[in-house]
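Before I ask anything, let me first share the structure, which is written out below as structure tokens.
Labels for the chains are A, B, C and D, by order of writing; each one numbers its residues from 1.
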Amino acid sequence: MSYDLIDIALAFGKIAVIFMVILLLAAYLVLAERVLLGRIQERFGPNRVGPFGLLQPIADGIKMLVKEDVKPAGADKWLFYLAPAMAAIPAIMIVSLIPFGAPLTFFGRPVGMQVVDLNVGLLLFIGFSSIAVYGVALGGWASNSKYSLLGSVRGLAQLISYEITMGLSLVPVVMLARSFQLSEIVDAQKTGWFILYQPIAFLIFLISIVAECRRIPFDIPEAEGELVAGFHTEYSGLRFGLFFVGEYINIIALGGLAATFFLGGWHGPLLPPVLWFLIKALAFAFLFIWLRGTLPRLRYDQLMHFCWKVLTPVALLNILATGWFILLVGKG
Amino acid sequence: MEQALFYILATVTVVATILAIAEKHPVHAIVYLVTSFFSLAVIFYLLAAPLIAMFEVIIYAGAVMVLFMFVVMMLDLGNPGEAGRPTLRHCLPALLLAGITLVSLVLLVIGRGAEEGPDVLQVVSIRDFAATLFGRYGVAIEIISMQLLFAIVGALYLGRRRRP
Amino acid sequence: MIVPLTHLLLLASILFVLGLICVLIWRTNVIMLLIGIEIMLNAAMLVFVAGSHRWGAADGQIFALMIMAMTSAEVSLALAMVVYLHWRKKTVNIDEFRELKD
Amino acid sequence: MSIIRDTKGILLGMWTTWKRIFRRPLTIQYPEIKRVPYPRFRARIVLTRDPDGGERCVACYLCSAACPVDCISMQSAEREDGRRYAPWFRINFARCIYCGLCAEACPTMAIQMTPEYEFCTRNIMSLVYEKEDLLIDGCGKSPDYNFYRHAGIGVTQPRGEGLNEEPPLDMRSLQP
């Protein structure tokens, strides 16, 4: 396989465009979340900066940039500085795996609408989401604060538990698509979305990604009623901003992956593929915000009980049932 | 290019492992070790074993090391003074034994000569891997699953609630 | 082969010896002891994967996978043991647990 | 089946919040739209005057004693005819919590609360209000109440000449 200048330029252009779009989407997702939460609680969200508050993300960004960067006394310096990046980078890397459109043709060569199309893309996604645990754990541990440490220990336990159910819920998808490659998984759903064959796996995956994002029914690591802000209590300024933006990029990325695995990715009638993909991914983001506006926080023991005694057995049974289904019906 | 990448990654692996061993602090050691395992995973990917590379990331970096970190944080083993810092008395025999082992291994490896086999371009695809795994090594799969089951039972037994 | 097999074996042997050093130096601290074992197992996996790549057979990768499955079982049990022993004695120093011999 | 009940609970809650999204927010956009508080709203404190125009305050210190944050201070003095008054009277609105205990404690209805709530400022020292700033030309609530007409015995009026007050009884005339 040989590369020439146009290939490299196309790859870099793709990366730059996707990076910009994702950052912009994450920034505006913050605004959308604040407005929607406001509407759910019958108030306006932020509406002061610019028309309808549309410049609010920029104002927030400037605020975070110019805030003082505080390092608590007795903190582990390098790990404290490293942890926000360790939380944000895996989220950005996950985005690079998602196929968000049909391959196009530039300069006479096909360009997949995806940064990399690995043959083990699905496993790489699980790998990155398991690496993201370190940002939470080290950030809380390095802060030298009780609340942060409690938050990070809780986060560790929660994230490794829900990773297992997430992985198990993706096994039926692999069995049906017969590939780990994300583009092939999307192609396998041309005729029927996997949510029709695998509603239980979809539900388990949905619950697991909400837990992976540490969003509200499962926001044990940062439970503000108990732990101030959990693992990022001691962070301020740009480092807090990295945690924050990482969380929202994670929401978009996991929403996009849920759309890819269960809702047919970019397949859809009438509209262009990229638009279909964005609609599906942002629908998941909306669902996350809606859940946050509705549900109370689970207790820690309820969370672990739910994962190990309900979700994991159900996911295993679902794999078994899918195996029998494929063996008997011979589908796929 | 892959060759240069391999040597860079090998250097990163060895240096990170040395730092992990020399570090007095368990949490720092774990972070260095994760770096080492991550670059080892990329080496596996270069060696045309993408599945093993991914499982290295998921299981070693993502699960085993997280479990270590969880235990270190939960038991608060963070302070380096505790748990017997090694002295020179500990180090000397270790270094001696390690030196002997290393020299003999290197001699063994180099002594085999630089015989280079034919350039095998037959890459193992994931399908071949799965067919071999579940076909020829089916009994091994069963044994491993039994072992995991026993590990679960053992962990549950050790972690059971005792009467105070 | 991207690099000669000899270089891969050299890397693996260096890693193995580093793991051995870790076990020998930190033989009083259970956590670091287990970490040393992990390093040695990784060196073994590297040898298996290099062999699999050298001869184009899947068996080496399968053995690497088996090692991983075995390691996860071993580590979960060992760490459960560490938690239990720490609960008993408030230390992870191996020398404190001599009575396990009897 | 508890799972059906739980699922129903979650879906019901989500339906409730879904309906809320499309409702008009209840928030009043403050600087543009100012709500008119009710007359008995408890905001800025004033000192009122008698119907005759004299100060009502008799410097009894009851408001100062009742104040939970100790933001009221004053000094008492007496005029030649025995009428008490406060030469200086000071309320620190930077500390005031608008609880209304002072207005309730006041026996002469001198200290009262008004609905005026917009008097914040950037300079915290300008929130210390002296007697001149507090005193208003009016009676506030209960405009015909005049303490010294009811109870100011022996100071501004002879005995038995107050409002609704019977003349003093001659004890001897009651004897058999």
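In this section, a contact is a pair of C-beta atoms (placed from the backbone, for glycine too) under 8 Å apart; a residue touches a chain by one contact, two chains touch by 3 or more.
Everything numeric in this text was worked out from a predicted model, so none of it was measured.
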Next item on the list: Express in whole angstrom the distance between the two chain centres, defined as the mean CA positions of chain A and chain D.
Entry: 55
Note to self: Counting only Cα atoms for the centres, state how far chain C is from chain D in Å.
What the structure shows: 77
Next item on the list: Would you kindly tell me how far, in whole Å, the mean C-alpha position of chain C lies from that of chain A?
Entry: 32
Notebook entry, point to check: Tell me, which residues of chain D touch at least two other chains?
Noted result: none
Item checked: Residue numbers of chain A (touch at least two other chains) -> none
Item checked: Of all residues in chain B, the ones touching two or more other chains -> 51, 55, 63, 67, 74
Notebook entry, point to check: Considering only which chains touch which, how would you classify the arrangement: line, ring, star, complete or other?
Noted result: line
Notebook entry, point to check: If you go through all the chains, which pairs of them touch?
Noted result: A-B, A-D, B-C
Item checked: chain D partner contacts - residues on chain A that touch it in the complex -> 36, 38-44, 290-291, 293-295
Margin query: Residue numbers of chain D touching chain A in their complex, please.
Written below: 10, 13-14, 16-18, 20-27, 29
Next item on the list: Using the touch rule from the top, collect the residues of chain B that touch chain A in their complex.
Entry: 27-28, 31, 34, 38, 50-51, 53-55, 57-58, 61-63, 66-67, 69-70, 73-74, 78, 126
Next item on the list: State the interface residues of chain C toward chain B in the complex, per the touch definition above.
Entry: 1-11, 13-22, 24-29, 31-32, 34-36, 38-39, 42, 45-46, 49-50, 52-59, 61-62, 64-66, 68-77, 79-84, 86, 91-93, 95
Next item on the list: Show which residues of chain A lie in contact with chain B when the two form their complex.
Entry: 76, 79, 118-120, 123-124, 126-128, 130-131, 133-134, 137-138, 141, 149, 152-153, 156-157, 159-160, 163, 167, 180
